[in-house]
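The data blocks that follow each hold one structure.
Paired with chain B in one complex and with chain C in the other, chain A is shared by the two complexes that follow.
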Partner chain A sequence: MATNNDNKKAIYSIFWIWLVITIVGVLISIKAPAWLMPTSASSTMHLVIETIVVFSVAAAPVAALVYAVALYALVKWRWRGEGVPPDGPNLRNNSTLTAVWIVSSTMLTIFLLIWGLAALAVDEGGGNGKNPMTVDVTGQQWAWSFTYPGTHVASNELYLPVNDKITFNVTSKDVVHGFWIVQMGVKVNANPGVSTSVSVTPDKIGTYDIRCTEICGLYHAYMVTRVHVLSDAAFSKWLSSQPSRA
Partner chain B sequence: MTTTLEHTPTKGAARGGGIMRRLNFLTGIIGGVLVAALFYVIARETLDQGSRTFVDTLTTLTGVGWVIGFWLGIGAFTGVGRWFIGKDQNHDDEMYLAGKDLGRARYWKYTTDHKVVGVQYVIVTMVLLAAGGILAMALRTELITPGAHFVNPQIYNAFISVHGMVMIVALIVAVAGPWANFVVPIMVGARDMAFPRLNALSLWTLVAAIPLLLGSLCIGGLSMGWVTQAPISEQAGPGMDLFALAIITFAVSTTVAGVNTICTVLTMRTKGMTLERLPIFVWSSIIAAGLGLYAFPFFLVVMALNIVDRTTGTSFFIASGGGTGWLQENLFWLMGHPEVYVILLPAVGALLEITTVFSRKPLFSYRTAVGGMAALAGLSVLVWAHHMFQTGWAPTLGGPFMLTTELISIPTGIVFLVILGTLWRGNIWMKLPMYWVFGFVFDFLIGGVTGIYLSDIPVDNQMHGTMFVVAHFHYVFVGSVLFGAIAALCFWFPKMTGRFLDEKLGKISFWLTFVGVQVTFLSMFVSGLRGMPRRYASYAIIFEHTNFISTIGAYIIMAGMLVLLAAIIQSWRSGEPSGPNPWSSKTLEWLVPTPVPLENFEVLPVITSDPYTYGEELVNS
Partner chain C sequence: MSRVRAMVIALVSIVSGGIVMALMGFGLASAAPHQTPQYAKDLGMTTVTVGGKSVSMKHVALTIGTYPDSMFGVHGAGGGPHPDWVSYSSSNLVVPAHSLVTMTINQYDSGGPLNNPFFANVFGTVGGTATIDGKVVTKVDPSAVGHTFTLRGIPQNTTPLFVSVPLPENFATDTPLTIGEGQYSKPVVVTFSFMTGSKGVYNWNCEFPCGGSRIGQFGEAMSTYGYMSGTLTVK
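Moving on to the complex of A and B:
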């Protein structure tokens, strides 16, 4: 039958377009996230970048299929005559195709879900840092303050030792703020009246950014500060050099 | 009771209408201003002026006065009032109310004809898009350089709040407003909507909400974003009261419209129009309307609680008084996520309708398409907490909400399957509406895939509250829904006006908008990936280039929209006449004359198949 031939010809061409777009998509997926995103300074952030790469690679063939069919239709099946085109074939359904489409998109979804749940479970603890340490974080319009329990030390920029597991207990004095350490991939809201917590293990010495991510009024955009990740020795030295507030 | 054209007495029609003859948009405004002034004076004289809540109470009551006065002035209560005093409207009154022999004046009145309401919705949508668009241009202009130079942060915050809300309202009505009103009754073979007066009520209630929403900007003090985050919304200035009232008014409008659409389709279908023969756009309209009926009451409640907090000193959302912002966030997103699909579904329905007509092929897998839309609607009520992964509200629910969110990608995939299946081996007629269909396919895929990243909690922990999210939902709202709305406008414009929308200007507009969307929002993804939070009036120097590019892209979109506006105005006035069925479509709205007569059908049609019989002659011969 002629229709089968038409289908075959189309599928053959679409396959090659699909292959090209997929290859380009996969290459971009592997390279772009690391290139566009900030330096990673924690295992949590490694996981974020890795997840984006995996999801992009998984999405590339699907996106390529949609674009390949659309592109082929646009070029090959475009009506170039005058006036209203004649009717196309009366294809009302193809239950095999529909079933394949739904089953494969379901399987892809399940894969993404399992990946996500696994990543969530791995990261629940915020990495496998050694000496657990707690920092109390308080947001208020429009500044952050950090206190280090058991030390009576307070600061407006955050200082952390490298490779230790840090748990932040976050709260707010007024409205909701968003506590985000950009290069560490951790974020939790600072709510008035309650304490929320999040953990992370910084794994790279350096200076990174903290930005507020919930609109909090006039100077929301200026509610930024820095986090300094220091070696254990440098951190102890910094801590002991601070005036105690007790 | 239905009325038909034949037994309309010609001279009697001139006398129908009663007091409605004197009422129009202008008397509505006068009524609104007068009652608002009355409420203002009474409130000022009776309330304790030293009270902490005085200004908020005064503003709220004045706003309530405006809505009531506008309703009175435009005649929203006339029919009910006459029924109440036992002088129900007669046939001539009904005909007057439907706009018979009123010429252009009927567009400025409380007119019940669904086609007039459809045209009114087109105009209202354009006004809203223009207002939101001007704000967007101001925001992008501010963001062209890192510092806050163009507007100060206070104004910037007010602009983002109102830009967001105006655009959401605009997109909710952009397809459902004009076309569920103008087209759906004809598509199902009805002479009007089930409740013509409610139809007018929904339109004019929406109109009443617009001055409140834009007025909130003028009074000022908005600092909460369109999500009306508490407790900052409690701290906001009196503009917040009008903002909340605007939402409440709009929620009433949408509920009334949704009930009307559903009842029309369920009860007014012509003989033979079974549910399985409904055009897909009708399905998308009623599914979206039903979802809206579920979603918008949450919004109404959250705004009402906010007003009560602000005017009476209760503390639903204030932690120090025992309340919690988490309540606000839950209520808001219980509305907020279904609302995305209230916006999306009618656009998808319209695009599918267009795809079949211009591919000259039946809709691919009709039942899967309907099922997919229903699944989108069903799942969308179960995903709201994915907006709250970082709030700390319920860390243990992360997994379940990640599951429901990712499941949505399955019915979303079905939308692509149906479009591509319909295009497959069709004879694709690249008229103006099809340009926007292909634009939609391109953009919606990007919007959809980036949504999958955000459903993953570790990635969302990084991306939440950044420009990445903003770019993602703009790909959905601008790149997909607005494209769908414009496609629908290009497609049904000949039926509404009897003229084609200018192909040449339309295509220029398409290319500008399409390129503008990619430039603006691809660049915005990069801003987000590099770590730029949203709602920042001022930003670090590393975000300079991507923001500059986004702003240029935004100006290109604006140019595209201005060209479209020019095309609409020019074509409406002097476009090429189209005749009743320029696209050779098979849905009922194309089989009635253009302009569509009052009450649509002289004789109601009897339906024997669905409207997707393309290619059947080939099969049968």
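Moving on to the complex of A and C:
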């Protein structure tokens, strides 16, 4: 039978283990996205990374408590005798602990809900005040094609001007595909017969990746292309150098 | 059960599981079709203009065909398991790196409208053009396309290569020719050239919905290795 002293000792030990794991967890939550996530090339992607950091930091103490109790129980409370261990003591209701657990879980969940809803409500990139540029995106097994409304230009790689708000109208000609601009945090399904719109403002000149995120058949893994984010002048030059594909 | 015995059983279980998974992987890999490679024919050296500079490079040629069935080509006697499926004559093409590849595709099949007119355009070829029955074009009528040869995808760690050429519909008005075990009309001859980069394995496929079955006519021959798709190995 455990005494009050034994219980206090266990609680202190679990607290210190929890504290160490929490600190490690918080540090990993803050530092890991910078190592693991791709370069951010839009405000949407900044927000995605920020959300991952905040959610991971919020989850760290909760996960640490589970790990701390499990670790302590595995080491200290394991049965070392022969045969089946006897039943432990009956558990008493602890209303203070229950109240703390319910209130803290509720607050944490509400915080994550509010953060998530606020992040979703953010207009995807304000752009520079100009009307959004539109690009029609078509997926089909197993290639992407892009047309630029108002022009006769079509391309298999996407070209965009930096700091302009872009609206993509995404559709598919066969099965469901997933249009994902990796470094811009844009991912939307391309559904046959339906045009789905999504907007983003690329804020960094460079070349980034586009992948299909829905398993779509034989060469799904090869349904990749690139997006080139150019300065306004370079984009205009590219657009005017393209042959008519009308 | 002693601790040692329990650990031995756990170890044996893990190793056995690993062996089963490895055997399944090797089995699936060996089950994938590996058609006899078709090597490009060497045409010697040629000079091409790249970025305003004249560059000397190897010139090779490949000739393949598109058929309304699988009675000619690599599918075996009687057309193999799916003699009525449309097919390319070869799906395992091999060309040298950093070379000019001139492809000739004899198009024997009928056609119809493309579901995405984007693929009626010629992309990625030298000059952005293809020659169809002797006529130089940059695009074809999207309502009368038989197939496309669309080379895309990325080999590991190299620059993507995208070449897409539409193969017009064959209206089959002449007397049929007998080739192998099949009978076909005089082909539409499509010729184009493109330059290869560094070594790697690329995939190509047809973008005309010619596969039959299921959604968008992209099933059967379009979703099975060795019919309307294949690899281009640059080595």
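Just so we're on the same page, the second predicted complex is superposed on the first by the 225 of 246 C-alpha atoms of A that agree within 3 Å, B and C clash if a C-alpha of one lies under 4 Å from a C-alpha of the other, contacts with A are read in each partner's own complex, and residues count from 1 in each chain.
As a working rule, a contact is a pair of C-beta atoms (placed from the backbone, for glycine too) under 8 Å apart; a residue touches a chain by one contact, two chains touch by 3 or more.
Keep in mind the model is a prediction, meaning the values are calculated, not measured.
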Combined model on chain A: chain C and chain B, fit or clash: clash
Which of chain B and chain C A:Thr147 touches, first, second, both or neither: second
Which of chain B and chain C A:Leu91 touches, first, second, both or neither: first
First, second, both or neither for A:Thr225, with chain B first and chain C second: second
Touching partner for A:Val175 - first (chain B), second (chain C), both, neither: both
Touching partner for A:Pro192 - first (chain B), second (chain C), both, neither: both
Touched partner set for A:Glu157, first chain B, second chain C, both or neither: second
Contact breadth on chain A, by residue count: chain C or chain B: B
Touched partner set for A:Cys212, first chain B, second chain C, both or neither: first
Touching both chain C and chain B, counted on chain A across the two superposed complexes: 174-175, 192, 217-219, 222, 224
Residues of chain A defined as touching chain B within the complex: 3, 6-7, 10, 33, 36-38, 44-45, 47-48, 51-52, 55, 59, 62-63, 66-67, 69-70, 73-74, 77-79, 84-94, 97-98, 101-102, 105-106, 108-109, 112-113, 115-117, 119-120, 123, 170, 174-176, 178, 180, 182-183, 185-189, 191-194, 196-197, 209, 211-222, 224
Chain B residues within the chain A interface of the complex: 148, 153-154, 157, 160, 223-225, 229-232, 235, 319-320, 324-326, 359-368, 390-392, 398-399, 402-403, 406-407, 409-410, 413-414, 416-417, 420-421, 423-430, 438, 441-442, 445, 449, 452-453, 455-459, 461-462, 464-466, 526, 529-531, 533-540, 583-584, 612-619
Chain A contact footprint on chain C (complex, rising order): 115-116, 118-119, 121, 123, 128, 138-139, 150, 152-154, 160, 162, 164, 203, 205, 207, 209, 215-216, 218, 222-225, 229
Interface residues, chain A side, partner chain C - complex: 138, 140-143, 145, 147, 154, 156-157, 173-175, 192, 217-219, 222-226, 243, 245
